[in-house]
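Two complexes are shown next, each including chain A; its partner changes from chain B in the first to chain C in the second.
Showing the complex of A and B:
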């Protein structure tokens, strides 16, 4: 599917996806890996991290040069799992392709938090393929800080049948970083709901990308699918690209999507400053509040705490 | 305390304040009245340091320090507080968090120790009680979903906790019901002290029944065109601003 893995394994640079590929037009990998680094199993040491309690934690170490990784996970029928996937940063220019399979049994519940850190020079693609059984609940929150190119893709096969999916996310980008969150939500049967809320902030010369495609297949009648992306530009050299897409082939479908890109409200900033809060602090306070809504939607407290800590660390990077 | 000397201010290249001179001694309360569009809010924003309010001439000093050279946060740390005519909403920032952040930022700027959460909460509770505010409301996003009157009360709540030295109240009475007007005025009067001065902008004599001014000024077309004692406000209430239209 993705060209990064193909390119790395075949050692053929022309297989890298680039801006001519519709789904990769804002995440051009061409020319970012020249020459293609050699694939090996060698990984970088994991950064220190306090693992929250009551949560299954998976750590994905960064490769030394280039690496392809796979992992799968299933939540049995009726079970509930809190999962934290930490994609570790490592140092230097590495290329990583991470493919994850997630299966939820009937009536199963999965709360998944993805903390995606990459180095400033990394080219990193993480793809999750999620398959839901009837009555399953899947809540995901992706927090990303970008790389040279960073793509986090989530594809959900949604059977309808009372299953619920929520795909939330936030990106907080400084310097020249790039981050792309792409979701593909496939409503395949009747009576399904899905909801997505993505918030993004791009400072300096950073670039944030959000692509959300919702398809409602023939027969998936009564589907309710909602998607919202709001982003803030913190500098006039930063860039946000967003593309929500709806393809509906069923009847009686409620679909709503919204997309806004703005800047911090100068009047609100002045109000905060007039109370004694210095400009830098006032900006960070408003950014934190903007992204905080994503964090507050996370149900399980240990996951919410981990998310809040991750955001707080990244706000420090925006301070500079 | 506050000296404004021949101040000229333009907004979007349009002169709004045109040679305004005003002296506000420490411990005094001065009312500013004047027709719509006279420049009252422009004067308050200029004193608070809002961007886009370009000072093209004159000076404003607070205890001898050049106020106009400081950024808004530095002015606040020196004790300037503007109660906004239209307070802003900040979703996602609870009112309590906002005020505590502001208070500690000011204290830090003045080289004072921060106030810890328990002490702050204690003060906040007492202040909210005095202003008859629902404390739970203070845990919600600042001013989000508040009525116009509740927002004004929130301004006074912030003012009471920040303990500024120069208070500028821009139409704090507008939007308040009769009870709220009394409660808010009591809140303001509680802050009256020797070291504290107030500029009270209003259209209505009613507020000045509660907050008795030492002096009343008429601001018309960007200048102070008349000054007097509290009786001037009564006269304006009777006769309107007609006779100042020519003076302006």
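Showing the complex of A and C:
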């Protein structure tokens, strides 16, 4: 599972995951790094960013050539934390592998917002391993704008026992960018709930990928797991690939996933235009509303504001 | 009265051995030598009096097969198959081909009578005026025993015969279409089939003809350690229609037996093919001993504009099922449908689903898949919906529902969606649930036993698919569902 890191550290290009690997079939890293860049600690300068109040902010600077980074965080039992992880873009072609460990104690609550920006030539993989204690609540929203190859992976070890997980996400992709959001929700014990809503938009020649796997282990009865992925294709040269998966070994469960791919509703577009709104604006309005739902689900106001600002910037990129 | 008789039969079937088709026919058979090499392929080809081009085709496939690896991505587990330990050809001994039913070995006739397959040209519901008729091609291990209603079909211009006969009588048609939908080296099992295929049905429906009756093939594996590698080729020419049914059974044995078939369908302009399968190969015993490995490649090519192919399958048998009936929607406005019920019980494993490849504009597809797992079994839906850049206006709707009965079974859903056209619309829904306690309680409070209640609810769950089957088969399939789930509750 640590293909990019392995390849970078061992300087062995053949270890890069590619389309023949089931979990990487739409995020082929083979041939994207030729030759493999040297790994170093050197990072690019951080861009200015107004840090929201009341939120713990972690910033992950882009490497100059290639870098592997680790960070861990735990929220103690009964505590609540608002967290903003900003994966900074940097410039040029770089390779980054970011591994994050997150642990939530009993009854702890974490609201996590991930703002993933990468340069158009970056190959970037961010993996979060989240472990929940009984009664913990984990709400996450990932907003991504893609790269040459960008993957944001979240794996949640869910004990059941009243713990709740919500994994939301959105990707807004233009030009030739690629972004992959992959979630693995592992329900290991009885009585757990999880919910996921992912929305994506791909314009130009962009490629959006979503993979969501829900597993329910033997004995994890009473699990309620739901997942939904909706995507819009704004161009005939763009591509959306999706694989929502259910892997179920317990019988007393309620699991469901839904997946839709379509385009902007021509009638709604026509209506907006008939009211004097130029087509470009009308399209953006519809996209904003489509993704806006993800933003509105974010509970803490400072995180919601930061998310809204990030989306607004990206909508500008779609305007071009 | 009919209902009473029905009930009696169902109960009798439940009371007796669960797998009613598990008997062995004791008949003198001719085998190829054990194992697989070019000599065996030459032997099969010679047995069938094949022309040189087909032998070359087989040998080329064998060459390719040697270079391929057995696929391992499906969620099924089985011990490695020793391909050199199988017989690739088995046939009831006969001096010449039978001219009429009177020449057929009475043992064989008795076998089919026992299986309830009409080899005489009779109405399906004997004695019922105006009931639909079925033309049957009965395949026993590696050869076709008899094909009924050939003369009447010929009057309509429909060709329905064993593939080996078609190779002899219609070489141009066979040569044009064989391997054009499933290429020789498409996958490991299809490639193996291309090298050693022994029998199967060939159907050609000429332009504008609506096939006057349902066509069906009945496959029976009998011999020990024998693989069955049939190959079916159906061509519906412009504006034609054909409905084809397929049934399968095998004896109960402790050894696993391999069944690797290839089915190719070609639909030209405005043609429609309806293909229904009731697959009831021996599933192995409750501990997972024995049973058929069912590794099948089925694919339809909707080449013509507005052509249509509909797959309906009821999968209750086989120890392991690996099967993805697919549609290549090439013609503008063509459509594909897939209706499936997969039931696993005991130690059965099924990894099945479909692929809908939208290449042409305004192509449509619909997928309804119902999986039911009980016992220690595992059932996986694996499907692909792919929309290519030129498929403007393509539409897909997919629904997969899984039902779990008991604590030790598993159900998986693995849909793949690839969209590359901004004017396509794709929807996918999946749910996994168990039989609801409340529904069970309600039905039982009306006086049904637990077993009957489960059957009733399961039949409700799969109703959408059963409706797609021709009527007589729907009745049979419904019973099959009941028998397959026997003993899964309580």
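Quick note on the criterion: the second predicted complex is superposed on the first by the 320 of 320 C-alpha atoms of A that agree within 3 Å, B and C clash if a C-alpha of one lies under 4 Å from a C-alpha of the other, contacts with A are read in each partner's own complex, and residues count from 1 in each chain.
Here is the rule we use: a contact is a pair of C-beta atoms (placed from the backbone, for glycine too) under 8 Å apart; a residue touches a chain by one contact, two chains touch by 3 or more.
Treat the numbers as computed from the prediction; the structure is a model and nothing was measured.
Applying the stated clash criterion after superposition on chain A shows that chain B and chain C can sit side by side. In the superposed model, A:268 makes contact with chain B only, not with chain C. When the shared chain is aligned, chain C comes close enough to touch A:258, but chain B does not. Judged by the touch definition given at the top, the superposed model places A:57 against neither chain B nor chain C.
In the superposed three-chain model, the partner touching more residues of chain A is C, compared with the other of chain B and chain C. By the touch criterion stated above, A:317 is placed in contact with neither chain B nor chain C. Look at A:91: by the touch rule set out above, it reaches neither chain B nor chain C.
In the superposed model, A:240 lies in contact with chain C only, and not with chain B. Put simply, the nearest alpha carbons of chain B and chain C end up 15 Å apart when the two models share chain A.
The residues of chain A shared by its contacts with chain B and with chain C come to none at all.
On the side of chain C, the complex with chain A involves touching residues 73, 387, 389, 392, 402, 404-434. Residues 265-268, 270-279, 281-282, 285-286, 288-290, 292-293 of chain A touch chain B in their complex.
Residues 22, 26, 218-219, 231, 233-263 of chain A touch chain C in their complex.
By the touch criterion stated above, chain B contacts chain A in their complex at residues 48-51, 71-73, 75-77, 80-82, 84, 87-93, 98-99, 101-103, 105-106, 109, 141, 158, 162.
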